[in-house]
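In the two complexes that follow, chain A is the common piece, with chain B as its partner first and chain C second.
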Partner chain A sequence: MHRRFLIFAAKRLLFTIPQLFAVSIIVFFLIRLLPGDPSYMLAGPYALPERVAEVRGQLGLDQPLLTQYFSYLGRIFTGDFGISWRTSQPVINDILLRLPATLELVVLAVFFSIVIGIPLGAAVAVNEGGILKRIVFLYGMLAGSLPDFWIGLLLILVFFYFLGWAPAPVGQLDFAVSTPDHITGAYALDALLTGNWQTLRSASAQLVLPVATLVLVYMPLVLKTARSTMEEMLESHFMLQARASGLSRRTQLRYALRNALPPIITVIGIEFWFLLGGAVLVETIFAWGGLGQYAVESVVNSDYAPLQAVVLVTAVFTTLVFLIVDLLYHLLDPRISV
Partner chain B sequence: MLRQFLDGDLWRFARARPGMLFGFVVVVANLVLALFGPLVAPYPTEAPAGASLLPPSGQHWFGTDVSGIDVLSRMIASPRIDLTIALVSTAIAFTAGVGLGVISGFFAQGERTGRIFSAAIMRTADIVQAFPMFVFALALVGLSGPSMTNVIVALAFLNIPFFLRITRGTVLQVRSRTFVEAALCAGNTELRAAFAHVMPNAIAPALVHFSTTIGFSILLTAGLSFVGAGVPPPTPELGLMIQVGAQNMITGHWWTALFPGLMLAISVLAFSLFGDHLRVFLDPTNRR
Partner chain C sequence: MNDHIKDCALLADREIDPARREFLKHMLATAGAVGLASFVFDMNQAFAADGAVPAEKSAEGYTLTAAYAASPPAIDEIAFTMEVENMLALCYGGDLMQYRAAPTDKEGVYAAAMNAPGNESVTGRWVDKWEGSDDFKTWTFHIKPGVKSWAGNEMTADDIVWTWQRGFEMKSVRFFFASAMFLASPDDIEVIDKYTLRFHLSKPSPVVLKLMAMSYFGGPFDSKLAKEHATDSDPWAKDWLKNNDAGFGPYHITKNISGQELELVRNENYLPMPPIAKILIRIVPDPATRTALLDRGAVDYAMRLPERSLQALAANPNVTIVRSKANFIPYIGPGQKNEIMAKVKVRQAMAYATPFQEIHEKVYFGQGSIIKSITPAIFPNYTDKFWPYTYDPEKAKALLTEAGYPDGFELKLSFDNSIAEMAETAVLVKAAYDGIGISTTLDPLPPAVYSERKLRRELMCQVDNFQWPWISDTGYTGWVYLGPPATTNNNTVFFDNEEFNGLVTKMMEMPLGDERTKMDLRVQEIAGQEVPWIFLIEPGWREAFKKEWTNFHWYPDNNVHFEWLYKA
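Now for the complex of A and B:
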């Protein structure tokens, strides 16, 4: 690890801290969008007057704004996101329960986008013309306009209703299957770790359609960037040099791909950002029970504390992903890392 | 006017490009439907016109939904809602974004107060964009209450940073040209130089992005309504239609959600294709 990278990493990390504070300020003020007195809304429709008073005390609505903000900050640092009146659970418990389910979807979708998108993009860049190029071009153009929730429904219609290949869209597991022992909270992973094969089979089968939906709709981000940067690399001087030096086709391609990586890494970060939003809709269709569906249920039931928490958690998560992306970029880009 | 248009460069450019032609036709069709859709729909758009879940037939081309409302009629009426939300929110985002972009670009180099102000605008944009867009939109509308106005406000707010960045980028390039210096020397105030001289020369990329943003906003609006955080039912709106149809789709009544989704996808595609080609049209160095 070079010294310059460490300096860059330290700077970038320092920059993340004010960012996170700013995010928390926005989330703090979000709740003030509520019409009227937020304590009535936060306590829920069936709350007793004492509970409303308690919530008002907790929010410190009679305190100066700055005091309110700092006490909010203090609470979120201790993991106190308030109580959901709908599940009567502390919001933090609900979130810890649901976050792994969403991450499982998002991470798998990103993984397959990379595994399919990069080779496909590179292949199209290498082969001038041809039918593959046209198909990929059309698909890339189309995919950005496709409503992810509608694609999910179409997949359910075709693969569950007509063909009967996929299981019913009832969530992360079939009804009859028991949940695996809790390790990470992501069912497929936990089943794999505990060797619970029946659960693993069910969990994986349930994953196929939602992940396929997300990959179909969001992969072109990676695909298009991979194609365009590879094309750029193949036309560059150093590739001409490589060809002139008589390096094998394989080595040439490896050089090109290696140098095309940094922009691709950036776009993978952006894909995470998109997927956290897209997952909300796709989870709703597949009754996934993750963070996205939790947010939607909270909106529909006017349960505001969880909504506020989900916004905070996803924003913090995005900020960290962008941090990792920037660090990786720095490591991978030979022009700045050497 | 039509004559002039048909002789013009834009039409000649579009005619040679099927993508742009398609985009153009669908965009115009959407605009026409937004104006007259509810008037020309063959059946009522919020009341039953037949039995529940009738499959597509000569009478109901796209079938009826679970309440017996004609699907096609609702689709014809939907641009009135979807396009209005998208157009108004994009127009607000455009105005605010371009304005802020000009200011932050123009004052990026220069005296200290200007620089600080410019940096503050950019950091605020960074923070807004740290939130996953759909989750943020969901929260904004969910907290302020689902209504057309609140969807418009939320989408406008979330789209400002995109216009801001695009405009700032071009302003930074234009700012260093001599005519700006000339304008300042001639006694124009900095603000006047920024908005009267720099802005007209830096607005094209934002204008192009306008079309793409409309398509994207239609998609977001439908998504919000789909999860119940958009316009309230039974408004004829594509996302709501897909939501109502979603339950029937799983039981094989595919027409209820298939057609509205198709219309949604085609409209979004058309707006972004139109925007893409417009960029090529406006940038002569790109034309092939």
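Now for the complex of A and C:
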């Protein structure tokens, strides 16, 4: 069993290499197809044509595309993703600053989606026809039809503007709260690890509304999947046999849940992947300064280097997430192979 | 000495106001004579009228919180956004000269006196005396002793020379303005002594003092500090100065986390001492969130809010909307590389078809004023008599017929989609143009794409608001934005009129006087006849603050200059 798992994991890991290579090619050439030349914005309105040409040269945009690609490929192996003209920083520094901010948001959102969504979905599946089912159905309908930025603005309006319960949506920390010593880059976690309680309080408070927004909007995916697969399992032949064999209700539910898990894990993986880049509007509304916001700003400003890097980093994380999903699948059902 | 030769002792210089006022108060107390008391009272009023900082306010040491729309891409003249210009103005404080401040009709709001004739609108910034030669080619500047950077180094003539040398190396904005003032090389700056420099220009420059009043391209640098961060491969400290400041201005950046926050502390060596000791800025990209933050009192200042949000905030008794007439020139720009747009009658027809009043009311809620000249209304020699265009669709149709387009034509109207007011304007323009047969397609573009296509002169027609000339001079405005297209990059509409080109080029090198004023009026007249741009609405400078702040100073960079602010 252990050896089979290791072989499976190794094969799966090997697959990631061509995947990432393909992503690097697609990303590079697709981004070059986008309209917009950053040299003009970088050089400014008063720059002479020679200065614009000089900037193009510094960015390497005057080279043939293939030369640019191989140069890019060579540099990323050394961690050099280039420099962002919008921040004047090496892109790798920007990503190391912004990725933890996004991960903190996304991990918490996915975590709460799991701990609330799965039990709630299972409960609805078990208690057919109850009031809970109707409430959950209504919530699923609403959450599915309302965009995340709207929910975010609504939460700000109610809990910050009218009630004054939530802190000002000014990013990861309130004004005048010092940033914690850097360990992971995630402020709440770093504050916890360093025992910086004032910063931890502020960071935690700042997390509440954006995480609540993401959970409210994206949890129904987990909840609905949990409910439908549980319903399916509860009606399956093996559950009929379990009931006929006189197994306790608790044992029956445990069997059903275990068998319902693979599709739920897939959905969780998809949600995680989606939120890595898809939380951009929530990041913008809450001034979070995360990776999604960075990517969108890069697109509208034709800032190629960070855009390429963000897509590549997201691809690495996505690959990693689906790798974990596959491995969990394999653990749950060893019949699955690459 | 001729009237254009300045030798100014700067009685009303804002830098020395508090000390002067204290001195005059002392005189008042000791003299006791009615006549002298009256004189001193008048003098004090004159000082207070320019919006100086009272000494007791300097001692307060306030903290101001602000919500900005974006981080500055750099703290150097390598990128150009409002945030960059704001940081450069705060950290470097501008060049050798500055526009004088004058009271406006709003209490607690002062504005650069751009309407004063000739060079009377400018005064010394870092200099207390300057002289120009009769031929306007040699200019001598005397730096005030004791001006110190945040690092404690005193400004000397060497700092100014190093700054210009670096400007020539950077080949960016300072370099451009060197060419505008006919400074051919940094070697043409002569150091007379520690505090005195002489600029030898290759041609006369009537606007050199105003060119020296700008604040958005960085410098003067504390060269001693900057050189500490220079290397053999980077002798101009470009890498370090991208993210750090080495200025003599009122503030110094102590924290800059891109996309998240900025922290500035005051330069303790700056005089008069800014009442705000610390500025905490959070980057809040969403204007609705910035509006909510100010509305709820969570920040003191919310940057760059659209007029719609300002109108909503105006109802809040704890918020003040600061307004001042300004120098913006939003316009519709027919790209004259296009065969149809190149026809004067077509451009005139478009001007008559433009719903100025509707844009003024629906986009700007009646704030600001309709523009009627190439030169902003606050500039000297401004006149509206050459701009006959009001909304008149019948006249527009007649002109289209005369131009050979009785059934209209297809128009692509491009704009930067990140600016809500340009998008709203474009929608109203489309409806009006469609009404006279100009079938208009809206072409919203992301900022970088818009900027590129505009500078490449690829747009058929653009709605734009990026022009706000700093030099209060029609010749300069015409030259910098619509001058000879072969050499004027900013002439993005490719306007090419021989007489206009000749006039604005000549005005850049012609001493002030009556003849130049006549040329100024003729430039405005040609702009009215030829319609290189269809001028829209000057919305004015608009900023939203908590009610308690006062002493706002509008400067032509249209940024907030926090060094003047204090709580009422």
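Please note the rule applied: the second predicted complex is superposed on the first by the 292 of 338 C-alpha atoms of A that agree within 3 Å, B and C clash if a C-alpha of one lies under 4 Å from a C-alpha of the other, contacts with A are read in each partner's own complex, and residues count from 1 in each chain.
FYI, a residue touches a chain if its C-beta (ideal position, glycine included) is under 8 Å from a C-beta of that chain, and two chains touch if they have at least 3 such contacts.
Predicted model, so just to flag it, every value in this text is computed and none were measured.
By the touch criterion defined above, A:L30 reaches chain B but does not reach chain C.
When both complexes are overlaid on chain A, the residue A:T213 reaches neither chain B nor chain C.
Of the two partner chains placed around the shared chain by superposition, chain B is the only one that A:V310 touches, whereas chain C remains out of contact. With both structures placed on the common chain, the touch criterion links A:I285 to chain B and to chain C. Of the two partner chains placed by superposition, only chain B is touched by A:Q19; chain C is not.
In the superposition on chain A, A:L142 makes contact with chain B only, while chain C stays out of contact range. When the two structures are aligned on the shared chain, A:W85 is found in touch with chain C, with no touch to chain B. By the document's definition of touching, neither partner reaches A:N259: not chain B, not chain C.
Once chain A of one complex is fitted onto chain A of the other, the partner contacts of A:L157 extend to both chain B and chain C. In the superposition on the C-alpha atoms of chain A, the part of chain A touched by chain B in one complex and by chain C in the other spans residues 35, 153, 156-157, 160-161, 168-169, 284-285, 299-300, 302.
Residue ranges of chain A in contact with chain B, taken from their complex: 19, 22-23, 26, 30-31, 33-35, 141-142, 144-150, 153-154, 156-157, 160-162, 168-169, 273-274, 276-278, 280-281, 284-285, 292, 295-296, 298-300, 302, 304, 307-308, 310-311, 314-315, 318-319, 322. Taken in their complex, chain C has these residues touching chain A: 63, 65, 67, 70-71, 73-74, 76-80, 171-173, 176-177, 242-243, 257-261, 280, 282-286, 288-289, 292-293, 295-296, 298-299, 418, 445-449, 451-452, 455-456, 466, 489-490. On the chain A side of its complex with chain C, the touching residues are 35-51, 54, 85-89, 94, 97-98, 153, 156-157, 160-161, 164, 168-172, 175-176, 179, 284-287, 289, 293-294, 297, 299-303. By the touch rule above, chain B contacts chain A in their complex via residues 19, 123, 126-128, 130-136, 138-145, 215, 219, 222-223, 226-229, 242, 245-246, 249-252, 254, 257-258, 261, 264-266, 268-269, 272-273.
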